[in-house]
Each structure stands twice: as structure tokens, then as C-alpha cells.
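Shown below is the structure under consideration.
Each chain carries a letter (A, B, C and D) given by its place in the written order, and its residues are counted from 1.
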Amino acid sequence: MKQFLTLFKSPMFVIGFSLFVGTLLLALLGPLVFNITTERVGVQYAPPSGKYWFGCDDLGRDYVSLLIKGLQASLYVGFLAGIIATTLGTLLGIYGGFKGGLVDDIINMVTNLFIVIPSIVIIILISASFSEGRSLTLIAVIIGMTAWTWSARAVRAQSSALKSKDHISLAKMNGANTFAVITLHILPYLASYVFMVFILQVATGILTEAAISMIGLGPLDTVSLGTILNQAKNNGALSDGIWWAFLPATVIITMVVFALYLINTSAEGVFNPRLRK
Amino acid sequence: MNRNFKFKGLIAGALLCGLIGCGGGEKKESDAGSPFPRSKTLYLAGSQWGDPTTFNPMADVWASTWPVGKGAFNLVYEPLLSFNALDGKFEPCLGSLVSKSGDEIVIDINPEATWSDGQRVSAADVKFIFEIGRRFKDAPTAINAEYFTEIKVEKVQNNGVETERLTFVVEKKVRNNPLIILDHITQTRIVPSHIWEKALADNGNDLSAVQKIPVDGSAVVSGPYKTEAATNEKVVLKRRDDYWGNKALFGGKKPVPEFIIHPIFKSNDAFSIALQKGELDGSQTFIPRIWMKQKDGVKTWFDQAPYFLAGAVPIFVMNTTKAPTNDKNFRRAMAAAINYNDVKELAVSGYSPDIQPGLIMAGIGIEGKYFNADDAKQFGVSYDPERAKKILADAGYKSVYKADGTLDYMTDKKGTKLPTLFIKSPAGWSDWEAIVTIAVKGLRAAGIDAREGFVDASLYWPARGSGDFDILLTKPDNAVLPSTPWSRFFNVMTSSTWRPIGQNMNENYGRYNNPKSKEFNPMVEKLLKEIPTLSDPAKLSEAYRALNKIFMIEQPAIPLAYLPEQFYEFSETRWTGWPTAADPYAPPLLPWVGASTKILWQLQLAK
Amino acid sequence: MAIFEVDNLSLHYLTRFGKKIHAVTGVTFNMEKGEILGIAGESGCGKSTLVNGLMGLFIPPLYPTSGDVRVNGESLMNRTPNDIRQNVLSRKVSMIPQGAFNALNPTRKVKDIAADVMAAHLKNVDKKEIYDRLVERFDLFGMDTKKVLNSFPIQLTAGERQRSVIGISTLLNPQMVIADEPTSALDVTTQKVVIRLIFDLLEKGIFSTMIFITHELPLLRHVADNIGIMYAGEFVEYGTTDQIVFDPRHPYTKALMGAMLSAEPGQKQKKPTAIEGAPPNLANPIFGCRFADRCPVAKEDCKKSEQEIRMVAGRQVRCQYAE
Amino acid sequence: MLKQYPTLRYILQRGGWYFITFVVAVAINFYLPRLGSNNPVKIIMGNTSQGLSSEAVKEKEEKYLKEFGLVKVKNGNIVRNEDGSPVKASILEQFISYVGMCFKGDLGTSFQKYPKKVLDVIKEAVPWTIALQLPTILFGWIVGNVLGALAAYKRGIFDKVFFPISLLLSSLPFFVFGMLLVYQFAVVWDCFPAMGGYAGDLIPTFSWAFFSSAAYHYVLPFFSIFLIAAGGQAIGMRSMGIYELGTDYIKYAKWLGLKETRIIAYLFRNAMLPQLTGLALSLGTMIGGALITEMIFSYPGLGMAMLTAIQNNDYPMIQGCTLLITVCVLIANFTVDILIGFLDPRVKAGLQIGKGK
């Protein structure tokens, strides 16, 4: 825990963290501050005004409401995908790295296999086949299920390095079972590393959701930042110079991802002693 | 030290790229270097979306490429007649209309019409394509032959010139529909039988082999243009200066543009950007907020709302084989729950007049006269959320809400939970998606558990035909035809071609009016059969009124807006002389279809 | 005249967050030509930091705090890296680093690394000449010279690598060599070979003066003229080999000698850890004797008063109670 | 085995691994598009059956079923059940016929562009994609790495400015970046074309007019990928560089008094190796991303072809594209593996490189 606190000494982390907390607050408290409504409140693409700060969308809905809802959705996708990918990747990575031998070889091979096969292709193919009822959760699950490979590879390298550490050999010799060794002895050491991996996975999840929404394979049950951009593109907002249809959403995505990247990079600097120098 | 060098290199690189760019930018203004000089080229887009496949006129319609494929394109191959939707007249093309009645349609072949190899267009050519269905059931025009018993051919003198007279004898027993024959005559393009009969013979009478024969610009055609080149980005047509019609139909004038290029754009935005930049002269795609482009020279039929001349009605079709959409009260409640004004303003950018209940477009074109305002008031349903709720409550439907006040589901009068109704519509068609979104909002506000069901276009079509939907957004009219609006009613209401859910039907997707059910209403079929044979205007009007009344009461479908047959947009940056409401010399269609082809002879280079 | 003088040298590390860690404090010693100085202490005591700071080239985050280092009377402090690089490194002072495997660029052949060194310091020598000189020098090392020179580090045995490093570090006949645990991580036999080689080079006069950091107390006993014992960044005792090894006076030296001498031969690599407790955190200011917390004979006032160097039985000791 | 030929052994080992990956990729490729329960013939029939009698529809349907290998065929005839309906081919049978056809170089017929062959469609699209992607990725990689290495080595103000910019750039969704470029340069300033691979008034030929037009249309798509790719690479290189900077061999090189340029060369070369692996591995992601770029710019490449194919459930086309992408990525990885085997002696000796992460 202490090492997490040292993060706050890094200005980069502080900036990233505040940015991220800011977006999080916007997503969570926004509905209390702003009157969130998805009803029609103005004409199509009404320009920004004092009442509607970012104007209206093609259906005359308030963009502030949509952006807050979209941000909630994007964060949800990011976190769900991140949790799935990190959990899967960490478990497989640790297990493989720790066990070694045939199990490791097999896990390693499967991991490399899915790293090499372009995941965007798999995501597109799967999303396309769920044409009805393609929910936000489903998309998050698909992203998570294809993104675990990177975590697995990264964690595996770390855990196989840890394996030879004295205290772990000792625990092993004393007959502790694999599960106990992993949870009691390996996971705590990897916590900071898994944290960094998780942060990156969240960022990737948010970007990937936006990407597949842009192709028109986004969630059908809610608005997300990706679908806002897709709507703007499909409705010709670009050629009419309706900047409020795509700029605010772009800025929000970029800020969230930037914040996460900052957190990750600063954490890397703090946790990785090499980079600290 | 190194750093500065690298940085400079980067900046220099960026500048270089910029220079190349600007160099190119200046270049685009001149015609130099282009095989298709801008001053001789007309750019039209919106028909061909995919890669060009084949220009074989015998190929399946869906598989072939503009201007050979779907639509009444007159540029390369031509029909006998062109239909002018503005005045309902039949304009001469390869033939000219002599007479039409409920029993026969008589057409003289234009004596001057010749193929590009010099041979005269003959009755044999017409018979070849119209009667091919009698030899090959799966030929693209096979259906034609089901509507006539024979085509009689006789030699006649026409203004002192000998020509062939064709008489299409209406088949009375099954189809009995001269309107459809007229549709076919204006839409079926005649191909040179001397070429294609030979091709069939060479290929062992195997039509599918003949359909795969590649065809290029050297093909024998009759139209004013021939295909010059085709890439995945464009199809290029070149003017045929020896086109027979120049002398026979246009007083010796040639079409003005030497080239017609159809760029193949992949996204909606591409069309509007190209139009705004003056890179595209005419387009037929939905472009929102067209008034914002007027400053860039982009024009439409009207220069103010609704901008386009209405000609088609998008509708929701309800699946009448399952609950709750099998209940006409429920369907009427739906019709009352949808905010048509929002549809007009938000989904279709205001391109629709205010709509009236019923399937006839009130006040529009030739069919406007069949609209009866009293009936609409008495039997029709307009947007009225309170009325929608009342109809639902009266019929025993109850909405169940979640704790947070949002709609959870609905129950019928027996208390059974009803499933969520999905409105199926092709994904990515932005105007249609918006219509659905607005409708869903209205329906849910009225307590009906409906949701958007956007699917890939490729899945939409099979689902439509096989009835695999709850509610479907579709457009019954592809074009304004001689048979309009009968064809619209037929498409929505007929059960003469009845097939159960799961099998393909090309009309009445919602399986309304099952002929085997107790509720079968024989009047619908009677009227649908009768109208094509009526020529007395009063009787015709009466029949349409009766049919429209049934439609309003039973509400098998919900009309949503009056949209144009084609989103006819043009730019006056390069070419002027386009028809508009102020100068309606041709219908508002791009100069490649039917009676609008003549625009090509009227265009002038902009100064 | 002393050829190498270290005068009250203090060094610190600068952390990411601007905090200073005073790794070395107030170290002073002089070396005559031909002298071998041994430095010993537990890991983390600042031995390596000290020697890293003796060459005038400070690799961040290590910075000099105060004091001076002089070679032939010429100060190495406050000179530009380029000046140090050209005039001091490899010629006057050269380093044999710890862990030879990591010290050699893994993607470069030994001969190329060596050639890089020559190219950096000699002018107007062609490749052939460089190579000939290399072969000549490496032939002294009792290895398959051609093979070693033409190999990547990973293709060499640990002993070959260490000898290559020694060869490269002494290529330009430096006046002064700093060897930072050159034999750690080697097996016993190889250690002997490597030590023999270093002293061969000394005998051959390739270099004459050396600072030698090692845990091999027996080794130090045999080769070092003087020994400095470091604790928490300070020299706690500095004297001749005989004085330090056989007659230590500082409580820490005593404990350390006990631990080092009692170690079994097979466990030589084990770091001395026999003294209970841990050294103080150098990031915080320290008052009083740095060893006081662990010292078996500490008095009340040890923790309060700063310990000065004093002469006890002919050597320097940093303990007010030592006698 | 083959101990005396480490290079050969290494190549064979990697080759074998990639072959297994290839087989699995082909299987995934085949299976995934069939996840949805959509019968492609139904899709075509939905377009084509307009106005046909039911026998004609059936006849046509069987023709397509046969053509797309969805029914069992014996001696050129459809195998039928007792009631005359065709026997459906199982997934396994479809797979076998698919693999068989692949080996003959026949990727099948596009459903949507029927009767065009998938291979022909791909052949037309691939040059555009290669022209867009290869220079962008390579150039972005090189520039990114040079800047990243400099940032790592120099640190200071250069790093402080450059690093957050790279980070911000790579946070920007690249497709939105493309959109913004279109908006600013094509719509607002109107100095670059918004879409297409070349001007509308040209036909691809070997002429100056065509190539200059293609170059002009190339600028925006290029920058939309390049800047972000370079940013991402720079970040990776910077952290690899900092890692390498802290290694013993760099310190040793400094203590030996090596020239600064030489030390930078050490640094760059060694930090580059894991970056090279990273490049090969992320090729797939990059290509995937560039697919969307092609969509934004209506660029006539593989991405566009694949997206239209996806929208139309054009299985043979999707499979053809994904297969090609996968094969390219595999080949690129293999090449890089071999290349690294030569560049980095540690790899052949069986050691992991890039211990950092």
C-alpha cells in the first residue's frame, strides 16, 4: 500500500489522477448537477447556448446529458473489459509463469497465438454476429476476452522471475499448494504490476469500444462516446462544420485515456526501479 | 546536437508533404493531365455503392453495375418508353405508345432506333427480353411474361416510314394487370437479341453461363453512352456520338457532357463533401440539412422546405401473425404514439410535407387527387399520445413500470407479459435509424415496450421477405411508376401471394389478411384486383377511397413521412440547366433515369 | 607523493522527487603509486557508490556533495564530462565493474567493444592496428584469444567474460584501477584465475595502483596494503592490512571480521550479515554514531555525539570509545 | 538435434511455431464468421428473388448453395435427401472444402460482389493498403524511435515537452484524429481532399497525373496514422531507452570514456530490439486501426473491402481479408523473429530479451 502512496509524489501521477477523478466525478455526480434528459429539447444540432452548453444532437437532445451518459458507458466498458482482461491475463500469466513446464508452454503458446492474430478482426467478427441485442456489457466482455493476452504475457514474465525467489521456493518446499503460493506470495509482489496492466487495459477498452462503435458495431442499448461520434459522422456533422457534435466527445475520450496513460506511466516510473533513476 | 538535426529533418519532411499537397491543390483546378476534362464531364453518384461487377445486361439485376443494373437507367440500354411522373405521360424512347387499355397495350418501335452495330432495333429484340421467362424461369425479367399472353407483331406505316407495331395482350385469368405491363415496359431495357441469342447458343443454352460473360465498352448497345472504364472507385461512361436518338428525339443535338462519371462513394458524408466542393454534380443520397449547402451551390427541386418532391412513403410494417401486433387496436395505438413532426424535422431533415393518415400521399403528384380528407378525419389516426394510451387501455393493455419510472414491459388483457418489440431497420442508414429512434421514444412514452433493432443490411433483406421481425421499417415504392399508388397498396396489403412466415414474400411482409383465417377481408383483394383494370376516373377514385379506408381502419402499416422518390440534389458549380420546380421540364431525378435522361441535352457549362 | 588523493569526499543520490540520499560522507584517504587499497563493508554500505564517485564522472542520479578527488595532484571535480572522458577515463583511472556479464554490451562482440575504447582515446589508429594491439594484450590472459575477441558476451563463459572486462578496462594502461568486486558471481576456480590475472597485470606493470572491493577477506589479507572499512557511507576504520585484519579496533570492524573469518570457504560469497539489525536510512539526517544502534558496546552519548576520526593504535578509527 | 547449426535450428523452431499458429488462425478465420446463424444464400436470395416464382427461387437457391459449398456435392451434383431437399454440408465438411480451396489459391467467390472472385477483389485493394500502411508504420516507427531514444537519453526539457505530447497523441483515438484532419484540412481550409485514393477524374495508370494525385490524396490518411503511430512508438522507445540507460553496460561504457555518439548507438540499437518485436506484434493492431482510417477517408484498400464485406456478411470476402491480414502479420512476425535472431545474439542462445517488461 505504501508504494501506492509514493505515487502521489510524482507530479505526472497527480495530474493524471486528478484528471481521472475529474472525469469519474463528472460521470457519477454529473446527473446530480445537470438535468440529464434524453428527450428532445431543441432543434436538430442546435448550437451551444447558455442553457445547453454543447448544443443538441441530430435528434434535438442535449449534448451535455448525452456526453455524461456516454462517459458513464465508456467508463463502464473500460472497467469491465479491464477487469476481465486483467483477471484472465493475470491468472493465466501467474499460473503459467509459476508452474512452468508443459502448462506454461501451452498457455504461452495460446497467448502468443492470440497476440499474433489481430484482435480487432476477432472483435469485429464477433460483434457483427450479435446483430440484435448487442449490449454495452456484451461489447465489454468481447473486448475483455480478446485483450487478456497482453496482460498474460506481461504478468508471466514477472511471475516466472519471482518463482526463483527464496521465500517462494521455501513456501513451495514446505508443501504449500499452488493456489496458496500464488495468492499469498506471488500476487502481493505483482500487485503494483497488475495495477499498471489494469490501467492500460481500461484505456484500451475505452478506445476499442469507440473504434468498433465507429464501424457501426457499437452498443444498441445505450449511448456511448463511440456511438456519439458515430452518429456525428453518419449524420454529416463533419461536412456541415457542426463541431459540437464531435469535438466534446473526442476531448472527453482523449482526456480519460490520457489520464490513464499518465497514471500508468508514472506508476511505471515509481514501481520499476530501473526507470526511477 | 543530434536532436536539432532530427527535428529539422522532421519539419522539413512535413513541409515537403505540405508542398506536394498544395501543388496538387493547384492542379485540381485545371484539366491538364486528366483523361476526363472537367469541362466535358458530368459527375453523378448514388446508385452504385459496391465495386463494379459486371455490365452484362443479362446478369441478375442485383449483381450488375450501374448503369446496367437496378433502376430504369436509360444511358446504355434503353426501354421502349419512359414514364414522366410529373404529368403521368409516357415519353417515347425505343418505342412510342400508340394506345393502352385494359386489354392491350400497343407500341410502335421507333423506326430510327438502331443498335451501335448498325442493326435496327426490332420486335425480335423486344420479344427476346420480354418472353425470356418462358424459356428460363430464373431470368431477371422472367416475371414480365406472366402478365401478357402474347406480343403480336405487325408491320405498319408510321408517317410514311415502315415500322413494327407491338401489341401486348393482357393476360386476364391470373394476373389481369395492365398497369404492371406498363411498369415493365418503362423499366425493362431492351438488349440486342442477335448478340445474346447467339451467346445463348454458344453456351449450350445455359443462361447462368451467359450471365457470366464479361461485357465492356465494345458491347452492342442502343443508348447515348457506352461504358468506358470501371474501377472500384468509379464507373465512366463515354458519349456515343452516333446515338440514333440525337436525330430522332432531340433534333440533332448531342448530350452535352462527353463523359459521365459515377464515383463510388462509401459513406454518406462523402456525397455531401463532394457536392459542396463542386466535385460532384448530381447525387441521389439523403444529405441532411441541405439548406446549409445552398451557399456552396448545392440545389434541390424546391429551394425551400420540403426541398424535394415527395414520391415515396416509408412505413412501419407490423407482423400480424403474433401478439400484440396482430391486434389492430394495438397497431392503431402505435400509429397514434409516433410523433410524425419529430420524424419530419429530426430524422428526415424536414424533407417531408406534413403527412395525413392513410396510404395515399395527400396533395402529392398524380395520386393526390385520390385523398379524401373526411375519411382521414373519421377513420385515420394521427399523432395523439393521449389517444394512444386510451386505445391501449380500452383494449386491456397495461404498462408495467420499474421503480425508477422507466417502462419495464407490457401486459395484454389476459395479464400475459408481452415481449419487447424490436423495430428492424438496416444499421448505418442514418435517416432510417433516426426514424426508428424517434418512434421508439414515442412508443415507449405511450407505454409500449419497443426497442431499436438495427441489423446489417444484408440481414435486413432476408428478414423482411421471410417475415422475421416484430416491426419493420421499409419503403414500398422504389420509384414512381405508372402503377403508383396501386403498387404501394398492393405491396402493403395483398395476400394474393400469401406464403407463411419463414418463406419469402416480396410484398405484405407483415402477413396481413391471411386468406385462410376467419378475419380474412375479401374486399382488399377484390379492390386490388379491380383497380388496375379501371379506366373510369370516378370509379378509380372510389376504389382507392375504399381501399384507403380499410387501410386506415386495419392499420397493417404506419406511414411515417412523404419522402422523394429520389433525393435529387445537384450542384450548379459546374453545370447549370437542371430542372427545378420553377422549370419542371423533367421529373426530379438524376439524368440517367426514364424521362429525366433528357436533362443531359439541356445542361450548360457554368460560367 | 600520493598519486591518488580523496579528500573529505561526500556523495549523494538525487531521487525522482528531489530527495537527497547521502550515500557517502566524508571519506578521506591517499594512495601512493603501487599501493593496493582494499575496501570492505556490508552490502549497501556505500562501497560501490564511493568508487563510482572516484572517477570524476558522475552518472545521474549520483552527484558529488563536497570534497575533492585528485589524480597526480590534479582535481577531478567540477570538470566537464567531455574533459573527464578524454583525459581521465581509461587512461588515468579505470574501472573494473561488478558483474561482468551485464557490463558488456550484449549485442556487441568483445573486440568491437575494445575497439570502441581505443577509438575513443587514441587518434589516428586504423582498425588493423587496433586489432593487433588487442590480440597482443588478450594473449596475456590465457584464453583462446581469437575466439573470445570474435564472440558475443553471451557465447563466453563467466571467466572469459570477466577476463575480457579486465582486459578492456586495462587496455590503455591506466595509472589507477578500481576493481569493484571483480570476482563476485564466479565459481571458486575461476575466481582464482581472475585474481591471478589481475596480479599478473600488476606485476607486468600494466597498471600499478588499485582500489579493490571484495568480500574475500583472505584475499584482501594477501594482496592489500591498506584496508578501509565502510559503514553507512563512512570510513569507520582505515589502516594497514595487518592492523585491520588482525587487530581491529572499531566495534563494527571487529564484528565484521568475526563474520567474515568465520564463514566457511564454500560460503565466501555470502555477504556478512552476522551483526543484528540494519544500518540507518541515509535519506534522513543522522545524529550521533551511525553504528550506535547495532553496537554491542554503545554508550548513552554515542547516539548524540557525532563521531570524529581519531588515531587509535596507528590507524584511523571513527569511534570515541575505541582503544 | 541440429545443435551444431544454431541458426538453422532457430529458424526451423520459429517456423514450426508459426505454422501451428497459422493452422489455428485459419480455423478461427473459418469459424468466426459463421458464428452468426446467417445463411449467406438467404442473404443473396433476399436481394434476388424479387418477382420470381417459387420454383425459380428454389432452383436459384440450390445453384448458390452449391456454388458456396453449403451443400454436399457428389460428381458435380447436389446430394439429396429422400424428399428431394439438398443435404446440408456440415461445418467440418465446409471447413475441409475451404482448406482444400485455399491450397489451390481459390479464396472463393464474393457473395456481395458476385460473381467476382475474392482473390481479385483483394488483389485490387492490397496495393492501396500496403501503400498506406507500410510507409506509415515504418516511418512512424523510425521517427518515433529516434525521438523516443533522444528523449530517453537527453531527458531534461526536451523530454518534458516531448513526452506528454506523445502521450497525448497516443491517447487520441486515431479514427477521430482522422475525422478532425478531414474537418480542418478538407472542409474548413479545403486544401486537401477529404476522401478517396486519387482524384475522381483519373483512372489508375502509370502516369505523373495519377501518381501526383495519389500522393495528394495520401497526405491526410498518412498523417492521421503516422503521428499517432510515431507517438506510441516514441513512448515505448523512451521507456526502453531509460531502461537500457540504467543497465550496467551503458554505465561501463561511460566509465570507459566511450564517445557519446557511440553510447547513443549502443542505447538505440539495444533498446530497438524489443521495439522491433513490439512492432511485429502490434502490426495486427495497427492494421486493424488503419482499417478504420480507410473507412474515414474512403480509401480503396483492404480495410474498406473488409468493412463492406462485414456489413454484408460476405463470408468468403471476410475470410479472405482476415486470412490475408493474419498471414501478413505472421510473416512479419516471422521475419522480425529471424531478424532479431541475427541482430541479438542473446535470442539464438535462448535467452529472453527485454527483461524489463
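Everything that follows uses one rule, which is that a contact is a pair of C-beta atoms (placed from the backbone, for glycine too) under 8 Å apart; a residue touches a chain by one contact, two chains touch by 3 or more.
Note that the structure is a prediction, hence the values are computed from the model and not measured.
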{"item": "Other chains in touch with both chain A and chain C", "value": "D"}
{"item": "Chain with minimal offset from the mean of all protein Cα atoms", "value": "D"}
{"item": "Contact-richer chain pair [C-D vs A-D]", "value": "A-D"}
{"item": "Averaged-CA centre spacing for the pair chain D and chain C, given as whole angstrom", "value": "53"}
{"item": "Separation of chain A from chain D, taking each centre as the mean of its C-alpha atoms, in whole Å", "value": "23"}
{"item": "Geometric centre distance via CA averages, chain C-chain B, whole Å", "value": "88"}
{"item": "Inter-chain centre distance, chain B versus chain D - centres from mean C-alpha coordinates, in Å", "value": "38"}
{"item": "Touching two or more other chains - residues of chain A", "value": "128, 131, 216, 233, 238-239, 277"}
{"item": "Per-residue overlap in chain B, given as positions that touch at least 2 other chains", "value": "267, 273, 427-428, 456, 459"}
{"item": "Multi-chain contact residues (two or more partners), chain C", "value": "none"}
{"item": "Sites on chain D touched by chain C in the complex", "value": "247-249, 251-259, 262, 266, 269-270, 273, 343-346, 349, 351"}
{"item": "In the complex with chain D, residue positions of chain A that touch it", "value": "109, 112-113, 115-122, 124-126, 128-131, 154, 157-158, 161, 203, 207, 210-211, 214-217, 229, 233, 238-239, 241, 243, 246, 250, 253-255, 257-258, 260-262, 265, 268, 272, 274-275, 277"}
{"item": "Chain D-facing residues of chain B, complex", "value": "2-3, 6, 10, 17-18, 20-25, 27-28, 32-38, 41, 43, 50-51, 53-54, 60-63, 137-138, 142-143, 146, 208, 211-212, 229, 231-234, 236, 261, 263, 265-267, 270, 273-274, 277, 279-280, 427-428, 456-466, 499, 504, 506"}
{"item": "Chain D - residues contacting chain A, complex", "value": "17, 20-21, 24-25, 28, 32-33, 35-36, 38, 167-168, 170-173, 175-176, 179-180, 182-183, 187-188, 235, 239, 242-243, 245-246, 281, 283-285, 287-289, 291-292, 295-296, 307, 310-311, 313, 318, 322, 325-326, 329-330, 333, 352, 355-357"}
{"item": "Of chain D, residues touching chain B in the complex", "value": "38-39, 42-57, 59-60, 63, 112-116, 121, 124-125, 143, 146-147, 150, 154, 158, 186-187, 190-192, 194-204, 207-209, 212-213, 215-216, 219, 222-223, 261, 264, 295, 298, 300, 304, 308, 310-314"}
